[in-house]
Amino acid sequence: MTAALIGLPLFGATVLLLGGRRTNAWGHLFAVAMSASAFFVGVATFVSMLGRSSEDRAVHQHLFDWIAVGSFHVPFDLQVDQLSIAFVLLITGVGTLIHIYSIGYMSHDENRRKFFAYLNLFVAAMLLLVLANNYFLLYVGWEGVGLASYLLISFWQHKPSAAVAGKKAFVVNRVGDVGLSLAVMLMFVTFGTVTFDGVAKEASKGDSTSLKLIGFALLLAACGKSAQFPLQSWLLDAMEGPTPVSALIHAATMVTAGVYLIVRAHAIFDLSETARTAVVVIGAITLLLGAFIGTAKDDIKKGLAGSTMSQIGYMILAAGLGPVGYVFAIFHLLTHGMFKAGLFLGAGSVMHGVNDDVNMRHYGALRTAMKITYVTFGLGFLAIIGIPPFAGFWSKDEIIHAAFGQNIFIGLATLIGAGVTAFYMTRMMAMTFFGEARWEKGVHPHESPLVMTAPMMILAVGSVFGGMALKFLGNIDSWLEPVVGHANPANDVSNTILIPVTLAVVLAGAGYAWVTYGQRPVPVVAPAEVSLLTRAARNDAYGDAINEAVFMRPGLHLTRALVWFDSKGIDGFIAGLAGFIAALSARGRKIQNGYTRSYALTMLGGAALIAFVLFLVRL
Amino acid sequence: MKTSIEYAALAPIEILLTAGVLSILIEAFVPRIHRRTLQLFLVFGSIVVAFGYLVASATQILNGNASVTGGQTQGIRELAASGSVAIDGPGLFTQGTLLIVAFIGAMLFAERSVDPQGDAFAARASTLPGSEDERQFTAQGWTQTEVWPLFLFAVGGMLLFPVSNDLLTMFVALEVLSLPLYLLAGMARRRRLLSQEASLKYFVLGAFSSAFFLFGSALIYSIAGSVEFGTIATALTNTLQDPILLAGIGLIAVGLLFKVGAVPFHQWTPDVYQGSPTPLVAFMGAGTKIAAFGALFRTFYVAFGGMRWEWRPMMWVVAILTMLIGSILAVTQSDIKRMLAYSSVAHTGFILIALTATSPAGLSSSLFYLLAYGFTTLGLFAVVSIVRDSSGEATHLSQWAGLGKKSPLVASTFALFLFALAGIPLTSGFTAKFAVFAAGVAGGVTPLVIVAVISSAIAAFFYARVVVLMFFTPENENTADVVVPSYFTKVAIAVSATATLVLGIAPQPVLDAVVNAGLFVR
Amino acid sequence: MQLTTLMAIPLIGAVAILVLPKAKETLIKQVALVVSIITAADAVRLLVGLDTNNGGIQLAEKHSWIPSFGISWSLGMDGIAGLLIAMATILVPLIIIAGWFDAEKSERGSVKEFFTLILLLEVCMIGVFAATDLFLFYVFFEVMLVPVYFLIGRFGGAQRSYAAMKFLLYSLVGGLFMLASLIGVFIASIHELGHGTFDFTALTGLHMDAGTQKVLFLGFFFAFAVKAPMVPFHTWLPDAAAEATPGTSALLVGVLDKVGTFGMIRYLLPIFPDASHYYAPFIIVLACISIFYGALLAIGQTDMMRLVAFSSVSHFGFIVLGIFVFTSQGLSGSSFYMVNHGFSTGALFLVVGYLASRRGSKKISDFGGVNKVAPVMAGVFLISGLSSLALPGMSSFVSEFLVLIGTFSQNRWAANIATVGIVLAAFYILWLYQRTMTGEPSEEVKSTVTEINKRELVAVVPALALIVALGVFPQAALKIINPAVKQVQKYVSVVDPAPAVGAATQGNGS
Amino acid sequence: MNPNNYLILAAILFTIGAFGVVIRRNAIIVFMSVEMMLNAANLAFASAAHTTGSLDGQVIAFFVMVVAAAEVVVGLAIIVTIFRTRRSASIDEANLLKY
């Protein structure tokens, strides 16, 4: 059952990749079928879980012993518990929708089959990530999604920018993976096991240092995968990939893996105050940074990417709040999965309509041209900025609330974040759908085909009702309780005050954006003379510049130096040695000067030498 | 002591020397046309008979009075000719090796189809190089059969050298083996100026060194009152500290080290190897070294064995110098014969390790080494003698470029011999090296072994370089040709190659033999 | 006699080819291929037959060879040797298929010669891993050089003589110092047992004093470090690998270099336990340096072959690291690593070779956009690359992580440093891919680089398939390795450190 | 008188001979110097025979003379050939073989 979840999409990927051109004709449909059937399996599992009492809802499946060396035992075991199933549904559900969407979006690409193979591969890897029952197996899914993301970002390999972006994503993720490896090693040497349950059971016995270190290592891993500060730079470049990819991987699912990891490892974080604080700080920084970047982007996808960063910042922050936050982190993760995917698909649909132009300054007044897109995007917009009763409101508000409960500054950070989010989303909305048309000539915006709009509509529904559904029908906090422990919101700031305040901030941000971009005409070319802040925001807050200056350039210099050293230093030394002997030889030959008498003299000298040594010994 | 001459025990030597006398008579009385055939019969016959006699007596005496002491068969112990000749295991083994070398050497001497003008020796040594009558003699296809008596006497001397048990006999043997070689060195058919120069240098320096040897013997005699090794050994034990004695040892060492070509008494080697006729170099390079080392070991183990602590340091110095200088100077050589000469110096150094170890293992390992080295040397120079261009042997390395393409078989055989010299496993050279090094470490001269390792590393370079030339470098216009020799050379090469491989792959029987050969008789 | 038979098969094949007429090239190739396949099959049969509860030497056979030096023709294998032999023998047919036309290209060597040398090399490869007599090991260790020397020098590229010479001299020098130590061991055995011996089991029983061990250890280690190759004794490898034919490079790096690391596990640790412990810290440092140095130089290369070679330097750093932390994870990881690295680097060399032979250049800058003209080629290249950067799901990941975790439990700092190496690995591989495969293809690339053909595919796919299979079911290999590793741990008398808290109960710690 | 003086004299002669070989260019004289060294040895033998009271030394002297004679034959043969070829008895002119 559980294995089938992973097996189906994996099978799909294998068939499409090995099948080659033969599968071109039906490949995409096959992939959709695989993903969809995975979704249905997920649903079935979910239903069967509902049928059981909350204690024994979790299902474990032992496949085989993966690695067993000395005391290092890693079973190839899967586990479906309340947390995993949430992800399973999100991944397969949104995943399937995006598969369908891609049929339309990629219809003209000659490599469409490959694209769907990669999508399936991604779904499989992501499912393995959330279904593994130990950290080491999780690692496999963890890098698996990294690979899929690499392949999909650089899907249009003929574009150098895409190729570079893919590589960058993988390498930066590898930096995060270092964290995960270290975490696994630390767990092994501290607890002697790397299974979730095992670690959770032993955690209490662990000394604070190890716990702290494990926490930090996990956080590093999360930063890499979830594009958190300081490893955020890759996400914006990742937008080079086809838009469905951005929607699925870089908005809905993969980038949230970091949140999953931290929640999964709650046993560690529960016990380490320091680690939690670190998580909160990182989350806070990123949510502001991302939002900040979002404000100045003219590239619609990059704008959304910035927003993704900041939204995940919220989740991370929530996860850092400890037991009170875990639930809300996941809650926001799920809602965000829906509306952000919707927004990205909308953006994709827009680009589809304007010949893949991503510059919002060339948009405007599209609401007439593409109504469905406008509506669905708009609903997503309302959801993300957190207007009640849309999805975002429920989850984000909870986080802000919990944040205030933790610490006033964190609370303020989340609050400001909400405001900025409202600002840049409104800006995006305004620049894209309102104002006068600023279309390039030869561009005739048109609505996308149904195969693309249908998923958008479904996701729009999600962005409207998702929040309420999860909160009231699914009553998510009690659902997750067996996994993440009980949340007891001991809170001095009551929601009754907080909600209005938040709303006010949000509206203020939105209003300001509307005034600036909705009312006044938007220049077609981005104004050059802008405030330092705007410039910083446009340059992703100089994240790349810093990487460039701190890692790349010194690294390349070091490399060059070493290459020189290798040939001149090491090899040179050896060559020098050989040369020295050759020189000795060349000199020594001269002693052999051909004169018999000098040979005789040498012999005399030799005799003297011998005599000398003999007498020397005697003394 | 009763004066007696055990003719039986001395038979091999006697056979060879008698053969030498006979072959002079042949030169004197047999018409030219028949000489060669007769000489060849005489030479090969005498060698074979001598060898058979040697083997027979060796086994017979072994079975007879092989006294087992200390788990090791002491081998044969007999003093012949009133104690001036020692017939013992090592001696017999050396003689056997020498006879094999002589046999193969003789085959190379007899080769006359590689050089269109005849064999490797001048039609008339007495004629002036480039003179009219030289041209005539050559044109008439005359060849010198005088080489055979000289050859036989040289062999006789070699046989006597390692078994001579007193300094006088040793001196005489030394001269008997050297004088013919001095002459033969000057008899090359081509490049006669070089040949004569080689002969002159070899002679002058040889005589010089033997004078050292003789004066050394005189000094020893003045102390010990006898030149007989046994007596010397006993006499010396009470007069260890006498300076005259040390001087004597030193001078004798000079004489013998010259013959084995140890630094700093090696300088004749490159010139003589390069100038002399190649068959002679093959025979002399192998034979002299074997005989001289036999003598060297006997002198220093038997006569001066009691004072090893006096002379070992001296040998340390010589060994180190020999190994390093030999291999270093070889690196930049451009003439193949000269390069091999330097490498022979380096190998002398390796065997000196065994000498310095002064142990039974040292002795036996050196015996094995000499046998292996003998075969390899013969093979190497046999191949050199068939790689020729219009002007004779092509000894310049550049002419060996691309030889592997022209004649894969010959080139690979040569490569095999080179690998043996370099000490690649599964060749005789490696087994020999291993035996000697092991003896060295066991004998407490590990530093020497380290030096040996380093110099082998250096040596590997110039052996490999020849392989590179032959196999990896494309052939050019002045690449030499490989002439097809008669069966003499073919068999010689084949035998040497086989021996090189067998001694590398299945050396056990020979190793047993050298161990069973036991120690020197005192 | 089973192992002797195994060695006899390729030997007979070589002789058969020798007697075949030079002109019958196809026949020669077919013979070589068939023989190598039979060998591989037999090797796998033996491997499967191994008793996985027994960590000692199995299939042992012993025939006296040179009694005076206590040398015997004794063969046998434990799990590690068995896997390596299987790996080597499986690689050979792939090499033969891949290099089907390499011999014709050389104006010097003939097809006949090429395949004879390959088969002779295979004999030596089996022998060097199967030998249980130190001297026999040394013999194969040295004799191996000769065929490789000719393979590089006769069939290599422009700089072949230089590369061949460099390779030979480096290895010979290493071997000579090993010879010195070898003799030392021999003498030591004489002193202790009264009679000299080279028998592995007997030697492990010696009680050499620490001083002697330390000295003798160095000779062996030097030889192995040159072979392995560890910084700073590595400079011969890039040249050799770059000049040799792809097949030769694959064998050279994939199998021959393993002799060094195999020697460390099989001989250094068991025979010189004290010295191993004494030198371990230095060697660990050296290994970490190798990891970084190799990776950084790989990044700096402009020639694909050299890049792969330097990546191997980095990989060997990991292997050595795992060996000298003495933990079961480290040792098993390293042993497993040797096998995986053989396949992955082998595949990588072959694919790079395909590209180079098409484009007529190994320069990275001469490529680009290959993915567009030859997608399958690019795909195979990527998979090989991913296996080289130890992507989870590939066997190389398992081994690399085992090495890391084994190191971590013994020496945290080394592990931390080494872990960073995996980032660099990702960088140099993906950067190589980016520069060669992505972008718009240049005219030259369009005209020269054709899609990978069936034969070439057949040559690499099995290796990659094995990598994936072993990545999912590593236990298949590990359960063969583990007992052997336990044995090694016994020799160095090391027990895995227990976890800080609880859970030590599960699993069999030491 | 002290028999050691003979030894000393012999040593002196030997040294003169040795240096003769090194210093003189003319092959004949070089050769005579060698003979001188041999005779120095003979003197040593003879005197030693006297001191040790065994006749061996004197017998040896005779042996040495014979050997020396043989050496003369060979030596002169070689030197004469060289002389005829090069029209000079200078030993230094024969240095084609070197390095």
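A, B, C and D are the chain letters, set down in written order, and residue numbers restart from 1 in every chain.
As a convention for this text, a contact is a pair of C-beta atoms (placed from the backbone, for glycine too) under 8 Å apart; a residue touches a chain by one contact, two chains touch by 3 or more.
Since the model is a prediction, treat every value here as computed from it, not as a measurement.
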{"item": "Most distant chain from chain B by Cα centroid", "value": "A"}
{"item": "Most extensive contact between chains (C-beta pair count)", "value": "A-C"}
{"item": "Core chain by centroid distance, with centroids computed from Cα atoms only", "value": "C"}
{"item": "Averaged-CA centre spacing for the pair chain B and chain A, given as whole angstrom", "value": "79"}
{"item": "Intercentroid distance (Cα basis), chain C paired with chain A, Å", "value": "36"}
{"item": "Intercentroid distance (Cα basis), chain C paired with chain B, Å", "value": "44"}
{"item": "Distance between the centres, which are taken as Cα means, of chain D and chain C, whole angstrom", "value": "65"}
{"item": "Junction residues of chain D, two or more chains touched", "value": "18, 21, 30, 91, 94-98"}
{"item": "Multi-chain contact residues (two or more partners), chain A", "value": "589, 592, 594, 596, 600"}
{"item": "Per-residue multi-chain contacts in chain C, two or more chains", "value": "none"}
{"item": "Chain-to-chain touches, reported pairwise for every pair that qualifies", "value": "A-B, A-C, A-D, B-C, B-D"}
{"item": "In the complex with chain C, residue positions of chain B that touch it", "value": "405, 419, 422, 424-426, 430-431, 434-435, 437-438, 441-442, 446, 449-450, 453, 456-457, 460-461, 464-465, 467-468, 471-474, 507-508, 511-512, 515"}
{"item": "Chain A residues within the chain D interface of the complex", "value": "589-590, 592-597, 600-601, 604"}
{"item": "Contact set on chain C toward chain B in their complex", "value": "65-69, 107-108, 138-139, 142-143, 145-146, 149-150, 153-154, 160-161, 164-165, 168-169, 172-173, 176-177, 179-180, 183-184, 186-187, 190, 196"}
{"item": "Of all residues in chain C, those that touch chain A in their complex", "value": "231-232, 235, 293, 296-297, 299-301, 327-329, 332-333, 369, 371-372, 376, 379, 386, 391-393, 397-398, 401-402, 404-406, 408-409, 415-416, 419-420, 422-423, 426-427, 430-431, 433-434, 437-440, 473-475, 478-479, 482, 485, 496-504, 506-510"}
{"item": "Complex contact set, residues of chain B against chain A", "value": "200-201, 204-205, 208-209, 212, 241, 243, 246-247, 249-251, 253-254, 257-258, 263-265, 267-268, 270-271, 309-311, 313-314, 317-318, 325, 328-333, 458, 461"}
